[in-house]
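One structure, as C-alpha cells, below. Some questions next.
Just so it is clear, A, B, C and D label the chains in written order, and each chain counts residues from 1 on its own.
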Amino acid sequence: MSDPRLEVDLAGVKFRNPILTASGCFHYGKEFAPYMDLRRLGGVIVKSLSVKPWPGHPPPRGAETPSGMLNAIGLQNPGVQAFIDRDLPWLVQRKVPVIASIVGHSVEEYIRVADRLRNAPGVVAIEVNISCPNLDDRSLMFSSNPDATGAVIRGVRRVSSQPVFTKLSPDVTDIVEIARAAVRGGSHGLSVMNTALGMAIDTESMRPKLSTFTGGLSGPAIKPIAIRCVYQVSRAFPEIPIIGQGGINSGADVAEFMLAGASAVAVGTANFTEPTTAKRIYDEFVEYLTRKRIKDVSQLKKMLKEG
Amino acid sequence: MSDPRLEVDLAGVKFRNPILTASGCFHYGKEFAPYMDLRRLGGVIVKSLSVKPWPGHPPPRGAETPSGMLNAIGLQNPGVQAFIDRDLPWLVQRKVPVIASIVGHSVEEYIRVADRLRNAPGVVAIEVNISCPNLDDRSLMFSSNPDATGAVIRGVRRVSSQPVFTKLSPDVTDIVEIARAAVRGGSHGLSVMNTALGMAIDTESMRPKLSTFTGGLSGPAIKPIAIRCVYQVSRAFPEIPIIGQGGINSGADVAEFMLAGASAVAVGTANFTEPTTAKRIYDEFVEYLTRKRIKDVSQLKKMLKEG
Amino acid sequence: MSPTKDAAWSGQVEVFAYRRLAEPYHSLTIVAPDICARAAPGQFIAVRTPDDRSLLLRRPFSIHRVDRRPGWAGTVDIVFDIRGRGTEVLARARQHTSLDVLGPLGRPFRFPKEQTNCLLVGGGIGAAPLLFLAEELRGHGHRVDYILGGRTSEHLLRPIEAKRASLTVSFTTDDGSSGTQGVVTDILEERVRATKARVVYTCGPVPMLRAVARECARLKLPCQVAWEEVMACGFGACLVCAVPVRLERGAGNDEGWGWARCCTEGPVFSASRIHWERVEDAPAGVTT
Amino acid sequence: MSPTKDAAWSGQVEVFAYRRLAEPYHSLTIVAPDICARAAPGQFIAVRTPDDRSLLLRRPFSIHRVDRRPGWAGTVDIVFDIRGRGTEVLARARQHTSLDVLGPLGRPFRFPKEQTNCLLVGGGIGAAPLLFLAEELRGHGHRVDYILGGRTSEHLLRPIEAKRASLTVSFTTDDGSSGTQGVVTDILEERVRATKARVVYTCGPVPMLRAVARECARLKLPCQVAWEEVMACGFGACLVCAVPVRLERGAGNDEGWGWARCCTEGPVFSASRIHWERVEDAPAGVTT
C-alpha cells in the first residue's frame, strides 16, 4: 500500500499532517528544536499571547496527579509584540505553521491581540483561549458563558485575517451551547478541549499543591472527558473542523480523537515527558493508518461504528 | 497517644467513622461480607433505588481508562421495595448503617422512593442521586439545573424522615449554584461528587467501548476534580456536611478530602480492585491520624493551610 | 453456602513458570495452593497487573489447568493472548514475579450425574477452560472428545494437551491449515454422532457460542457455555458484566428476561438460559 | 551554543548499582557515558520512573558524582530520599534495571576564574550536587572546604565522601548528634574566616539558602545557590519551575523582577539574582 495521505484542511488552511502541539505545552518551539525536526509537525499552537506581558502565578505551579498533572502557570507570556519580534521569525524560518493562541481579560484585549497578529507572516490560524477570567464580568470565565464567548469571537473575527478556532473548556453544563455561541459568533473551527479545573492537597504539609489552590488538570486522566466533548460537539456541528486535545500520548489516542470527530489533534502534557513525544506519536499514527489500510486520514472521522 | 476519635456527626446522624462506601460500588453489601467485617465501615451508601425495578443498559457496561474507568450500568436496581424486603434486613441484622441512594425520572418518582424509605429501620440517611435524566424536561439531567435540583430536594424533604444528602455532578458550569439550590431546597448535606461524563473508543474495532457511548468516569483520574469541587462547595457552605467522593484509594486520599472540607468520604471504584479496600483505607487513615497526632477526625476539616 | 458466597482466596502469589506457547499464546503457572485446592473447571481468577497503577482493574482469566500432585505446592495455569496493556504487562512476568490474584471466582461447569459422553468445543483462546474440564470429566469416568477451532493452525489452543486429555480431537481452521477448513459447527453434528456425545461444553467468541448453542438445540443436546463479558470487580459488586438471560415472568419481571452477572451467576451458563436475541455478536469495544 | 541550547542526551540506561546509604538516603549509579562526558556540577538529570504509567512526569535529580575513569563506561550517581511514589519506585531499582533518563540539564555552577578558596554549604539531601562540585573544583586547583548540615547525624549526606573531597568538613545538626548543634549559618562566618573562602556554593532547603545568602551578602562574598523548584518538563517548555529573579527595568518590565525557569536558566543562580522577598520559605506542597 502507498503511504496514507496525511494532509488535512482545517477551515481552508492546509496542514501537512493532523498532529499539532497544544498551547502552553510547546512554548514557542525553540526548546524542542534540538530534539526533533519541527517540520514533522502539522503545526505548533504557541503559548497563549496577551496584549501586554503577563507575569503568571507564583510557584508551585505544577503537581502530578494519577495519570495527570495540575498546572497554574497563569498564562505567563511575554506579550504578543515580543512574540512577533522574537519567536515568530524563528518559527517561520523553520517553516513551522503557527497557530497563535490568544488571551485577554476583556473582549477589548482579545481584539487587540488578534489585531496585532493580523497578516502576521506564518500565523496560519488563531486559537482563542476563552478559559480566562472575564474581568468585565468578574466571577466568570469567558468559556463558561455563551454571551461572553460570542462577544469575544465576534470581536476577534472582525479584526483577524486568519481562520479562528475557539478553544472550549470542559467545565460547563453544556459544551454544545458554548460551541454554538462560538460558531454563531463566526468561529471557523473549535479546539476541544482545555484543561479541567482541579485541585490537590499535600496531606503531609496540609497545603494545596498549587499556589493558586486550583489549577488545570491535563494528561491521560482527562482523555475520556475530552473524547466525550469532541464527540458531542462534532455531532452537533458536523461541518465545523475540530482540533481534539486532552491526554493524547500515542498514535492510537490520535485515532480515538479522530474517530470521535476531530479533524486534527494537539499533543499537550505528553511533550513534557519526552521532547520527542510528538514525533513518536506521529510515527505510531502513521503505522496505525497503514495497518488499518486507511488511505486518507480524513476518512477516520467518518469511521466510528455507531450502529 | 490514645486512639484518634473517629466518630463523625453528619446532620445529626452519628457514624462510627467517616469512611463510607459509595453508591453502586458496594451493591447492597452482601458481596463484601465474606471478605471483611462490614461493621468496620462508617456506613454503606447502597446502589441507587428507584420506584420500580430499572433494567439498566446493555453490555458492554465498563471500560478501563488511564487511572480510571467508565461505567454505563444505567442504574440497574431491583426497585426500592425489593431492597426493603430482601437487602435492608440483611444489612440491619449486621448492624451496618445504611444510606439509601435514590433516583427517579421525575420529581414524583423521587418522592415515591423517599416515601417508601420513610422510617425504614436502619436507613439513617437518604442520598439523592440527581445525576439522572429528567424525563419531565427531556435533554437535561436534574443535576445540571438548579430549579430541577431544588424541586427534587423539596419534594424529597417533604416525605422523608431521614436527613437528606444531595449528590452533585461535576459536569456543571458552577457547582456552587447547584449546591445552593439543594441547600435552599432543604438538603441537610451534600455528596460531592458523582462521576464525570466521559467516553472511550476502541480504535481496533472502531466502536465506542460502552454500549451507551458515553458513561461515568470514576477512579483516581478524577480525584483532582472532586477535591476542587469539595473545596469550592465547602467554602461556600461551611456549615453543610459534605461526603467527599471521587478516586479515593488510600488513607491519604481520605485526609485530602477532609482537608478540602469533607466531613466524611465514600470509597467507590477502589472497592472493585479488592473486596477489602475499604478496610485497608480505614487502617491507613487511622495510621495517618495517629502519626499526625490528630485527636479528633473532625479537626482535619479546619487544618488546611490557606495562608 | 454456595461457592459464590464463599470468599475467594486473595493475595500475592509467585509465578512458577512463564511459557511462550504457539504463536499468539502465553501461559503462566502460579503457585496458589488455596485456589488450586478449591478450583473447579469453568471458574476464573482475577489478576492485578503488577506495578502499573494506571491500570485499576483486575483482569479475569479462566483456570486452564491445576496441578494437585501430592507433595506439590499446588499450581494454577492460565493461558492468554495479548489484547491490551494488561496482558502485555502479564506476558513480561517470569519465575518469581509476584502477582496479586483473587480466585477461584464464578460458577463452574456442571458435571453429568451419570457416566456420559461429553463433547468439548472451543474456539481460539476461548478454549482455555476446557483442558481443566476435560481432565476432571475423565477423572469422573466420562468419555471426553474435543473440537478445537481457530483462525489458523497456530490459533488452535494447545492441541497436544487436548489430545492427551481426550479420546479424539478434531480441528477446524478458517484457512484449512489444520483439520477441516471451516468453523466448529461445520463438523459438530458429525462429531456428536461419531462420539455419541450427550452433552456439549463450549467456550469461545460469541458468534461461535451462538452457532454451537443453536446446533445443540436442534440436536436436542444440553449445552453449557462459558461466557466472557467485560468485568470490573469479578465478585458481583459492580454490575458491569451483564449477560441477558431468560427469567420467569412475575416478581417484578414482566418481560421474561433480565441481566445476570457473568462473574457470580456465570461465567458458565446453560445455553438455553442465555437470551440470544439480546446478545450482540461483536459488542462494542470487544475485539476477539 | 550554550549548553542549554544543546540537546540533552535521552534514552534508556542501565542501573549499575543501587546502594542504601545512611538512614534516609539511597543512591543509584547508572551507566550513561554520554551524560557522564558532558555533565558539569550543578546540572541534573530527569528520570522516568519505570513501569508505572500513572506517573507521567520525570523526576529531577542533581548529578551527585560522575566516574570518568579511563577504560570505564562512564557512570553517573544520584542520591535521593523517598518523598513520594516516584522515589519509592526508584528505590526499588537494582543492578540491570533499565531507566529512561534525560540529561545533563540546566546550567552548572560557575567556577572561579583564578585559584580561590571555595566553601561548600549543603543541607540534608540538598547537598547532593556538592560532591561532584568539590571534586571538580579541586581538579581545577581550588581549595575546597565543606559545611554539611542536617537534622541529625544520619541526615548528613555522605560525610566521609565530603571529607575525602575537601580539606575540612564541619557539621551542624539540629539535635547536636554530630558537630555543632544548630544550623549551618551559625558557623558560616567562622568557617569563612578559618578557610579564607572567597566564594560560597550552597544548596539545601529554602530557609537555609536564604540564611546563607543573607550571611554571604553581609560578608560580601559571592554566593551561588542550586535551586529546587517543582518541575514538569525539565527542559524549558512548561514554565512550571518559576523562580523569582531580579531583572533590569525596561523592555516590558517595569517592576524590576520576573520569573526565571529553574530548569534552563537555573538550577544554579547567583544568590544576588534571586528576588528573595518573593520566595516562600515553605512553598505549598513542597515538604523538605
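Rule of thumb we're sticking to: a residue touches a chain if its C-beta (ideal position, glycine included) is under 8 Å from a C-beta of that chain, and two chains touch if they have at least 3 such contacts.
Since this is a predicted model, take the numbers as computed values, not measurements.
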**Message:** Return the chains shared as contacts by chain B and chain D, ordered by label.
**Reply:** A, C
**Item:** Maximum centroid distance from chain B, chain identifier (CA atoms)
**Value:** D
**Fill in**
Comparing A-D with A-C, the busier interface by C-beta pairs is A-D
**Request:** Find the geometric centre of each of chain A and chain C from their Cα atoms only, then give the gap between the two centres in Å, rounded to an integer.
**Result:** 46
**Message:** From the mean C-alpha coordinate of chain B to that of chain C, what's the distance rounded to whole Å?
**Reply:** 35
**Asked** Just how far, in Å, is the C-alpha centre of chain B from the one of chain A?
**Response** 34
**Request:** Note the residues in chain D that touch 2 or more other chains, in rising order.
**Result:** 53-55, 284
**Per-residue overlap in chain B, given as positions that touch at least 2 other chains** = 66-68, 200, 205, 207-208, 219-220, 305
**Message:** Using the definition of touching given at the top, classify the network of chains in this structure as line, ring, star, complete or other.
**Reply:** complete
**Message:** Under the definition above, what is the set of chain D residues touching chain A in their complex?
**Reply:** 5-7, 10, 48, 53-58, 102, 229-244, 252-253, 258-259, 264, 278, 280, 282-287
**chain B residues within the chain A interface of the complex** = 65-68, 70, 144, 171-174, 196-201, 203, 205-208, 213-214, 217, 219-225, 227-228, 231-232, 247, 252, 255-256, 259-260, 288, 303-306
**Request:** Flag every residue of chain D that touches chain C in the complex, lowest number first.
**Result:** 50-55, 85, 89
**Item:** Sites on chain A touched by chain D in the complex
**Value:** 24-27, 30-32, 34-35, 47, 52-53, 55-64, 66-69, 71, 73, 76, 78-79, 82, 200, 202, 204-205, 207-211, 219-220, 269-276
**Item:** Residues of chain B touching chain D in the complex
**Value:** 66-67, 220, 305
